[in-house]
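Take a look at the following structure, please.
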Amino acid sequence: MTHDPLGASARADGRADDELRQVRFTRGWLDHAAGSVLVEFGRTRVLCAASASEGVPRWRKGSGLGWVTAEYAMLPAATNTRSDRESVKGRIGGRTHEISRLIGRSLRAVIDYRALGENTIQLDCDVLQADGGTRTAAITGAYVALADAVAALRATGALTGEPLTGSVAAVSVGIIDGVPRLDLPYEEDVRAETDMNVVMTGAGSFVEVQGTAEGAPFDRRELDALLGLAEKGCQDLTRLQQEALAGE
Amino acid sequence: MTHDPLGASARADGRADDELRQVRFTRGWLDHAAGSVLVEFGRTRVLCAASASEGVPRWRKGSGLGWVTAEYAMLPAATNTRSDRESVKGRIGGRTHEISRLIGRSLRAVIDYRALGENTIQLDCDVLQADGGTRTAAITGAYVALADAVAALRATGALTGEPLTGSVAAVSVGIIDGVPRLDLPYEEDVRAETDMNVVMTGAGSFVEVQGTAEGAPFDRRELDALLGLAEKGCQDLTRLQQEALAGE
Amino acid sequence: MTHDPLGASARADGRADDELRQVRFTRGWLDHAAGSVLVEFGRTRVLCAASASEGVPRWRKGSGLGWVTAEYAMLPAATNTRSDRESVKGRIGGRTHEISRLIGRSLRAVIDYRALGENTIQLDCDVLQADGGTRTAAITGAYVALADAVAALRATGALTGEPLTGSVAAVSVGIIDGVPRLDLPYEEDVRAETDMNVVMTGAGSFVEVQGTAEGAPFDRRELDALLGLAEKGCQDLTRLQQEALAGE
Amino acid sequence: MTHDPLGASARADGRADDELRQVRFTRGWLDHAAGSVLVEFGRTRVLCAASASEGVPRWRKGSGLGWVTAEYAMLPAATNTRSDRESVKGRIGGRTHEISRLIGRSLRAVIDYRALGENTIQLDCDVLQADGGTRTAAITGAYVALADAVAALRATGALTGEPLTGSVAAVSVGIIDGVPRLDLPYEEDVRAETDMNVVMTGAGSFVEVQGTAEGAPFDRRELDALLGLAEKGCQDLTRLQQEALAGE
Amino acid sequence: MTHDPLGASARADGRADDELRQVRFTRGWLDHAAGSVLVEFGRTRVLCAASASEGVPRWRKGSGLGWVTAEYAMLPAATNTRSDRESVKGRIGGRTHEISRLIGRSLRAVIDYRALGENTIQLDCDVLQADGGTRTAAITGAYVALADAVAALRATGALTGEPLTGSVAAVSVGIIDGVPRLDLPYEEDVRAETDMNVVMTGAGSFVEVQGTAEGAPFDRRELDALLGLAEKGCQDLTRLQQEALAGE
Amino acid sequence: MTHDPLGASARADGRADDELRQVRFTRGWLDHAAGSVLVEFGRTRVLCAASASEGVPRWRKGSGLGWVTAEYAMLPAATNTRSDRESVKGRIGGRTHEISRLIGRSLRAVIDYRALGENTIQLDCDVLQADGGTRTAAITGAYVALADAVAALRATGALTGEPLTGSVAAVSVGIIDGVPRLDLPYEEDVRAETDMNVVMTGAGSFVEVQGTAEGAPFDRRELDALLGLAEKGCQDLTRLQQEALAGE
């Protein structure tokens, strides 16, 4: 880990290495979904919608347990260079599959299926604009949409118990020019030697840790540094989620 | 055509029968696309992005002519009841195909392919929220995104001539309880006996007329009344497009 | 609309501008379908089959209402240059989808769902040879096949009421070299500045009006001229349908 | 092989056991294809079209050799009970694949690729009505369409040599109630214990032999009897093809 | 049929013309499947697994009859040059379909559906390495896996009767340089003028005969010679199957 | 983390908590692939084949750089209950996509693209039998197949430099009943509260860390314990890989 003490570490947007981009939650962005939020991590912009429906998938019927699932997608013009629609290609790519599954697992980590009853909540996370960290923004925003949906269901009496056992937030961390940094925008992401996405509960436990050596493999010391940064970032995001949900 | 002179004609949102919903264009909504606009017709909200690229499809190579095409899609949570993703279903539905083709044809009606040169402009119209008239909002907004993209290409010198030969706008009209009305929201659309989408140039000519008897077939007099309403609506939209493009 | 009074208006096949091509209905072309007809508009040849089955699609079950739907397709060798099979490509194109939907809507305009009961009639319109106007020939022929199927079901007692509330026919009209013409063959269709397909009931009301400016946009006067021509053409087709159905 | 000498062997349509159904070739059924024929084996009706194009598939480019290929399909209403379209299902079934491949192989058996040059002839065999033996009718008719296409190409000078080295015809044979029979209609086909399709050249050699025990396995003596019947049937078909091609 | 009495007929692996390659059955190769066998015909290696499950496909429910079906596939690296995965291509090729259907039909020829009851046995034949004759090895091995599965079901009492009415084996034969040969490896297969796959019961009856003229059409005498060779080969395979099943 | 000091921690197969299952590499299992190995982690059995070809994917052409990619798949009968083929379903599932991508990334971590030149090595990892840890066995075996393929290419002079910059191995770790354990078989995997797959280089650096809370989220102390176990396991696997590659 070579660290240039002068300028290499200075980030293009002037942030400290352990500082999040500006995070914004706009709740109730849609009229129809039970919960919806437009979440922004800097210029990354993801529309998260939570749709509730009675019943569960066939393999779960009669169990008395609910289900939470998620789908992630990116609009064609979200990225620097337009990307083709997966609906037009007729198949969903591996990256999309992978992220949809990650979001679903992350949210299910804070769900009490029994309290949810045989209801399904479907999260749709559509990236309107991508500037790095779309999957972590999606998870962080989806939790807020989910919380709003649950509150709405409880308000109408459709739910009596509390299916949420906690909160989840997610952040990316990486090593750029030998320096561990929090919440990478696209220009840092493509230059990162190592890239890690970490999902944590509001209580500070880990739900998912996904680290990848994009360039050189990383050693245990670097891994520890990244985990520390991610813990800090998720703590900050948890606080911002709470503030957003407290507002009306 | 039975017309209740008292209350049947009163619209739920208080508009006159020949009055548009509130129409709003937010230009430059995306950072990457050459032109982009979030267009709103009341609660219908469509994100229109115009991406420019050098080259044309294979069948047009070497012709010296450009190409303009469009894709329309709807986010799953845009509608009252969540709809499944076409990427997940692995195939694009007939309605989506139909509307994508309509938008493309409508924009091409005001394009001088030779002035465009061998460049392609791809319009993406993604419905973020649907409350009736999504295809007409998409066409109307796509024109503004297209005009911005053309201006950007001319500013950078990528284009020297003027590929736009005019403007296009589109509006829906329909007969509800025997009364012809302009710009139908969802609740009127589902009750309409006849439903027509009309695309016109800013100069007042017709580009597309698509009328469908949803309930009872319609006679020539009703058809004439609808065409008159649509002419009025497209005139209004043309003025709003001009104002939006004049602002900076 | 510049009109060459001498020769430009003369049609290659010698028809008057408001004259149909030779239209022929060969009923009972298939042994298995409840109703079937080979319809010919000049060299355009479409095989229309109406298959009846008990039951309705899932979303309609228990309603007491029937259903009528249609699929349109073209054989690979039907056109000038062989076209690839959609089954081989693994997906149905936008044009096919669009026309299938149009045929279905047109026929449903003259169906009394309640009199049909929970039965489904499926129309298959397969273009054996294409020379312009395949969708309008398909609608016009499908009505005859549908009428035969209904008669067959009534003859066997499978139906007691009369699900047909009228008849439908369709024709194409267009402006070629400034002259409005009825029932365009392929060579006129590709040269048309404006192209319109009109579906009407036998009683003279409009079911669908689909006009497209292929070249220059059209004005209201041209639109009115085309609608007039189409009314004349549909009247003629209605008479021919009646004669065909009267024969045995 | 138990053989009822009295009535079991009598065929519903009165034919002798070694007699073909009425076979009819209507040449030039389509205007566009280089060769086309509507072939009928009794009530089985297959439209065979041969489309010629310059060039060959990528894997054959530069070889100086031509290519002949075939696609078989069935219209939805061709059968007793309507079958779903493979284009709508989005995939081609195993049976369709199998038959398309069989037709292509059969025709290629009488093609001199070098004399064909780098040209492709595509055979489309679309079953308009099915009453057993559709694949053998398709092969028999496709040969006639191919011969017409070759003649047309030679007439225009597109071909100078003679790519046809012979003719092919095909017929089905089977054992019904212990009796070997030629050219099975549907009602015999479903009752056959053993079913065999045989493709032969006009010179009396075998191109394909495909025998299947539908019920009980068959012994060598039965196999020999079936092969003998098939030889007789292919001879008859070869003569009918020659007569059809001799006519104008 | 020109036969070089000196060396042309000598096979690369030294076998006599009517001699099988070394055939090996390794039973119980998998832990989970009810029956499984790794079958080798020389260097051709196919893993055959028989999975049993209660119930039958929907169209057979309530009939009291069982079902046996098969799927054939080839690993990408099984062949000389790596072939693409059909799962990645998103569609199953015609050859795969054809062989899967052949295996299923062959096994069903020795099944008493009533004794099987409403149970399904699914055979999976995955070619791990291909050196000619994969479909015949698959059938021959699948029979052994099926016999083991049936024995296992009877041992657990899941089956009481005996659903197997006999055994099946299959072998390829072909004419190379005018000489009929048994059990062709890849290098002979590609050079064969005629190629035939024959499936027979252990009792010596034919289940399937599939002969194809790859090069020149074949006459009746050649056909007879090939059938004779195949009878000999299937007899040998039947004995080897019995020995394998007798072992423990 | 509650740890029963007596019996809960005892593993069903008698291993110590930090002990691998029996690992076996059978090199040269296939004749055609440049490198191939059957790798076994206990009863998990994966066939890994490395196929080399000249050239690289289109997006990499002319770069002078090579490419390494991987596909993972599971035979239908590999698991307890037969699973459907992805080729038959017509689409690859998210899990398969995810693992294929993981294997590819892991191997690319030890590749010097420049030394590989414009060549592609395709790894195919087909699970013949699954008993937990299939993806980690696949990575570990694929490295051995890759090393053999590279050696073969160097032996033939197709490669002159050394494209391998190190080795990779992978192992699963998890917490079962509060106890961290190495290399989980299926029965432990389904009971694990936390499940982690770790890919490391032979030099002891991390390539991938993928941890998932299947049950309760995990804290930093548990995460550290799992990472320690994984480091131990990968060290052992590296040694076994070296021994396998040293043998002949």
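Quick notes on this one:
As written, the chains take the letters A, B, C, D, E and F, and residue 1 is the first residue of each chain.
Rule of thumb we're sticking to: a residue touches a chain if its C-beta (ideal position, glycine included) is under 8 Å from a C-beta of that chain, and two chains touch if they have at least 3 such contacts.
Going by UniProt, the chains are A, B, C, D, E, F = Ribonuclease PH.
Predicted model, so just to flag it, every value in this text is computed and none were measured.
Contacts with chain B and chain D are shared by C.
A rotation of 180 degrees, rounded to the nearest 5, superposes the Cα atoms of chain C on chain D. By residue number, over half of the touching pairs seen at A-F are also found at B-C, the match among C-D, B-C or A-B. The most distant chain from chain B is E, comparing centres defined as mean Cα coordinates. Rounded to a whole number, the gap between the C-alpha centres of chain D and chain E is 27 angstrom. Each chain gets one centre point, the mean of its Cα atoms, and the points for chain B and chain E are 60 Å apart.
The residues of chain C that reach two or more other chains are 90-92, listed in rising order.
On the chain F side of its complex with chain E, the touching residues are 30-33, 36, 43, 47, 49, 51, 53, 71, 73, 75-82, 85-88, 90-92, 96, 122, 124, 126, 128-129, 131. Residues of chain C that touch chain B in their complex: 91-95, 97-98, 100-101, 105, 109, 196, 200-201, 203-213, 216-220, 223, 227, 231.
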